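Which chain is which? They are A, B, C, D and E, in the order written, and residues in each are numbered from 1.
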Amino acid sequence: MIRFENLSVKFSHTDAEYTAVDRVNLTINKGEFFGIVGASGAGKSTLVRTVNLLQKPTSGNVYINGENIVNYSGQKLRNLRLNIGMIFQHFNLISNATVYDNIAFALKASSTPVKEIQKRVPELLELVGLADKAELFPPSLSGGQKQRVAIARALANNPQILLCDEATSALDPDNTKEVIQTLRNIKNHYPITILFITHQMEVAKSLFDRIAVMEKGRLVEVAPSYTLFATPQSEAAKALISSDYKKAVPKKVLEQEKDLYMITYKEEGAFDPVISDVSRKFLNTDLSIIEGNIEYVQDKPIGRLLISLRTRDEKEKESVISYLHRKTFISRLDAE
Amino acid sequence: NDEGSKSAKADTVPEHIKVGVVPGPYKDLLKNHLTKVVESRGHKLDFVEFSDWVQPDSALDAGEIDANLFQHSIYLKAIVENQGLKLDEVINVPTLGLFAFSEKVKSLDELRDGALVALPNDAVNLSRALRFARDAGIITLKADKDDLKASIADIDKNPKHLNFVPMEAAQLPRSLDSTDLALVPGNYAYEAKLPFDKALAKEKVSEPIKLVVTVQSDRVNTVGAFLKDAVASREFTSSVNADPTYRDFAKPEWWPAN
Amino acid sequence: MSSQLLESTINILQNEFLKSIYETALMIGISFSLSLIFGLALGFVLYLTSGKTFFEKTISLNKTVSAFINIIRSIPFIILVVFSLPLTFILVGTKIGPIAASVPLSIAAIVFFARLVESALKEVDAGVIEAAIATGASHSLIIRNVLLVEAAPAIVRGITITFINLIGCSAMAGMVGGGGIGNLAIQYGYYRYETGVMIFTIVVLVVIVQLAQLTGDRIAKLLTH
Amino acid sequence: MIRFENLSVKFSHTDAEYTAVDRVNLTINKGEFFGIVGASGAGKSTLVRTVNLLQKPTSGNVYINGENIVNYSGQKLRNLRLNIGMIFQHFNLISNATVYDNIAFALKASSTPVKEIQKRVPELLELVGLADKAELFPPSLSGGQKQRVAIARALANNPQILLCDEATSALDPDNTKEVIQTLRNIKNHYPITILFITHQMEVAKSLFDRIAVMEKGRLVEVAPSYTLFATPQSEAAKALISSDYKKAVPKKVLEQEKDLYMITYKEEGAFDPVISDVSRKFLNTDLSIIEGNIEYVQDKPIGRLLISLRTRDEKEKESVISYLHRKTFISRLDAE
Amino acid sequence: MSSQLLESTINILQNEFLKSIYETALMIGISFSLSLIFGLALGFVLYLTSGKTFFEKTISLNKTVSAFINIIRSIPFIILVVFSLPLTFILVGTKIGPIAASVPLSIAAIVFFARLVESALKEVDAGVIEAAIATGASHSLIIRNVLLVEAAPAIVRGITITFINLIGCSAMAGMVGGGGIGNLAIQYGYYRYETGVMIFTIVVLVVIVQLAQLTGDRIAKLLTH
């Protein structure tokens, strides 16, 4: 559906040249929820902006439905854009137009009949929970409200492709969930393809089919969400995903517990009562969960637990560990 | 169409005669003294005011007005030549000359070396002012090539190294405190109520520089004759003579003595 | 003011004032409306052709229009009046009177306002324009619903400035027999030392300008959010 | 240190009146890291903006160090503001000034000598990881980079009070952590008071001493972070905090497991090997962790696990549950 | 053009052109610099006193200044010249010549530019100003480092417009013996039918205006980020 081929974007300053996107190759399938994550300044926004040619690539190609669009212009480009909704990192609302008119604008862009606009705008406002703010102007809106207007505008034309640049960054968890639910519903209705930049890993987990990790303009990792969260490969992905337990768990606790192990459940064994089993098999070793997180990514559980082995029998410990080895990934945490 | 309307008009004297004027004493002259005369003869004068010296002629030539009064003979001749306009004068009227005023000196002889002399900047009055200065003996001009076009550059001898500054004529009376001498066209001096008797010198208003009533050449015998007749009438001249406003105006040669 | 002067003032005003008001209204009415329409259009042309955001390869068109505007703006108004006489005659069939005076006034006001419009459009936030472009909207929709709306307060301030400038310029309409209040002030106040007339007409001008400014400011404020 | 007394802010539109902040009473202590959370449009930004009087309250008072500031003006107000750093939701950088000059501006505001500005700006840039972007202008920065400039600017004058309006919303988790670490370090150096609005619960957990929850202009809950996360009282707080497990756990799993219980560790018992104990005491019942999260808020563990009781002896189940009752909070999850 | 006319043109230009250039440079130099300084200041006064963001209770000051500016802008330039004569005399000791002409030119340009500055400042993003205010910065710092910087491109465009307007107005300096190129065009071209002189001077004016526009556009672009 969308294919980046050796895509680079460079910016030049005075004499220096800065490569914001560096030879990216990537294919995004029709109907996919595709996430892009990466550190601030990694080039995510720049990459996504090439899809509707707001950013002309310096080199390389972008194929949409098999057609290379980098040289599109005029009516052809406009038709392309009519099918692509975009939510901007900075909202970019028309400040002297009401909320209603901001959304109506997108509908006018696609030559929607007035009657239908009058029907559709209230629907969209309802969708983002701003039915009572239709007549306000953007400067009177809160941050999250602005973002929701931007979301409504992007969805107005039932686009085939939706580009979201941190579309939920200004929203509280509740609203975020609603937006995600909305996007899911839309996806259930027709095969919209979504490219979604986010820093919110919660969002990434619950939304994406696959995720690309960017670092300094490069694509360093592309994987299904589950794989990425379960077994991140690149340093960049690890940095983004693993909440830093060493900092999260208080020093006092880390010092107190001598034998700390990090276990990560393998997908197959996720529903086995591992801790129950171990406790019964090895009576002299208590397993206490110190910190951890077990959740579902793409309907599959991902578990990561920091456990303390409190053993009264050093030899048994070995056996516990090797037993756990069979059921999970396990690694000793160096107290350091 | 343009031609057609012209010839149509050429036959008759319109009921409303449109006269181009520049606001000032000459408009008043017509308004206060000629209107009655014209009305008594079954016509009306409509004034079209202009604020410059080019448009009234071109408007007249185009037949947009029926006559004008703002220029003297020499100027008219030059215009006719330069622009190929088909205009003719029919009669001249009492006219104010130029006056030399000063707040700094009592006579022209007292002018210091390098004194600042202000003159009108429009071509008509500028050349007149230069001739006036020549006649007053403070400069000489180069062998007269074209009376109407004398400009600062045509000054030949300037023994006192006078510094000539051309400026808007209406500005001359207002700037007397900044100049040593100002050569002020009479109508502007008149409006500024400068005392004519305090003038250091007075232009001799020769016949060709008296203002003339002008019409299109092909209407000299209709509108032209009508206006000439009205102006030359006893009603008009005695009415003007009775008005003290026109005491200091130089009367045309044809003007009756009283 | 002595009663005699007062009488003269009243006399002149009775004869001339209504006519002058009418002439001014006519001249300003024509040239102001034309400058709004064509100045706005020309300002948009300048803006839309200036970068790569809207049209590509139009830099030469932009330069041509810009140079054309600059040429007109270079010409002293009095000479512009003369230069435009042939055009005036073709357009309105006469070279004198308030309607004829409206032609050079319109030309001057159009190019002047065009620059103000261009300047106002250049202040519109690039992100907002980009978002509009991203919807696939046609240029005309973006012009009407984004550029015009976002630049509206600045354009209204430009309209106020243009209007006030026109009032000033229209004083020179006397050149071609256009008359008007400004000319009244000049002819009577300046050339004829009728101070009463001058003061009165200037007060009228001040009131007009002040009203224009207040109206403009109020509208600009209403349009700013 | 900061005390809101019966504070209200109302906005009027045409004829309607909107109450954005509604009779808020709240005291924030010196040196406290104070969080404000709440749904989009709840009035958080409006409340915080009254602290430096960017927003004049409609009624009520704001005391800073015991002084009511709502009528401050002129030099007095400026001096107050010199001691308050603020990070705006929309960054609000000077777009025609370089990154360097944007930060230098705050220092000039406090009349810092030029020499010192030249020293301090690079330090601040280093702090937010933008040393190489000093000469760029804001429109060339990525979203996160802009936010970091805003952070550096707010910190420039070592303010006594720092107001952060979603100061890390545009940052990736890694950068967010760094910023939080930076704020912590600052707090260790001098008793800065921080008022921080956020939607990122991760941030809330790791940063705040106390948290206020706002809803429709009202303050509905104020509590120490631990208490709030462990036992949220208000509906608003619950909505924000509890990740919605019913949605997170796939339907299939929920249907498959018949006996699902949610257990929440009590603070005292958090380190006990509860699952080990139960497994050994009740041999006919396996405990399998389905979903959950154990983490540290204010150095104290908060645990919440969804467990499945797979029993081969219905009577034993009762005992398991009552055993768990003693050690934890436990409630049955209705399959529904 | 016949060789005789050409000769006349060359002749006039030899005599007058350098002097005119000098006069124009003098008049524009003085009035342009003054309008930049005072127009900017007045524009800031208008802006800063207009709302509650900077000064409170200054609405009456704002209205006074605004009315004052409107009064000046209401007066036809030619009458402004007369009105300002006493001031001119006090300031420069003479009522004639290019320096004297600079006084009314400056007055007109100052109030004109002040409005453009005001308009430019009103376009500055409110959030950016708010952020600056929140730092506790003094008004003067905010003016210099925020308002001036953010409004710079629009102000530069305003400077270009003012400059070009001044070139146009300076043609009227002939009124008080100020001379200048515009006056040369009017006196020789208009009143004396020296078409050669007129065309030449207008070409010179067009070049000056075009250069001013290009320079202004370039600077405005450099200042926009």
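Definition applied: a residue touches a chain if its C-beta (ideal position, glycine included) is under 8 Å from a C-beta of that chain, and two chains touch if they have at least 3 such contacts.
Going by UniProt, the chains are A, D = Cell division ATP-binding protein FtsE; C, E = D-methionine transport system permease protein.
Keep in mind it's a predicted model, so treat the numbers as computed, not measured.
S.K.: What's the overlap between the neighbours of chain A and those of chain C?
M.R.: The common neighbours do not exist; no chain touches both.
S.K.: Between chain B and chain E, tell me the centre distance in angstrom, where each centre is the average of that chain's C-alpha atoms.
M.R.: 36
S.K.: Could you put a whole-Å number on the gap between the CA centroids of chain A and chain B?
M.R.: Chain centres of chain A and chain B, defined by C-alpha means, are spaced 88 Å apart.
S.K.: Out of chain D, which residues touch more than one other chain, so two or more?
M.R.: 90, 139-140
S.K.: Residue numbers in chain B touching 2 or more other chains?
M.R.: Residue numbers touching two or more other chains: 54.
S.K.: Indicate the residues of chain E shared as contacts by at least two other chains.
M.R.: Expected reply: 82, 153, 190, 224.
S.K.: Kindly provide every pair of chains that touch.
M.R.: A-C, A-D, B-C, B-E, C-E, D-E
S.K.: In the complex of these two chains, what residues of chain B are touching chain E?
M.R.: Touching chain E: residues 53-54, 82-83, 116, 118, 121-124, 149, 152-153, 165-168, 171, 174-175, 177-179 of chain B.
S.K.: Over in the complex, which chain E residues touch chain B? Could you list them?
M.R.: By the definition above, chain E touches chain B via 11-12, 15-16, 81-82, 85, 89, 94-97, 100, 174-178, 183, 187, 190-193.
S.K.: Provide the residue numbers of chain C that touch chain A in the complex, in ascending order.
M.R.: Per the stated touch rule, the residues are 56, 125, 127-128, 130-138, 141, 145-146, 149-150, 152-153, 223-225.
S.K.: Of all residues in chain D, which touch chain E in the complex?
M.R.: Residues 52, 54, 73, 78-86, 88, 90, 92-97, 101, 105-106, 108-110, 137-140, 150, 153, 157.
S.K.: Where on chain B is chain C touching in the complex?
M.R.: For this pair, the touching residues of chain B are 20, 23-24, 48-52, 54-55, 58-59, 62, 64-65, 170, 188, 191-193.
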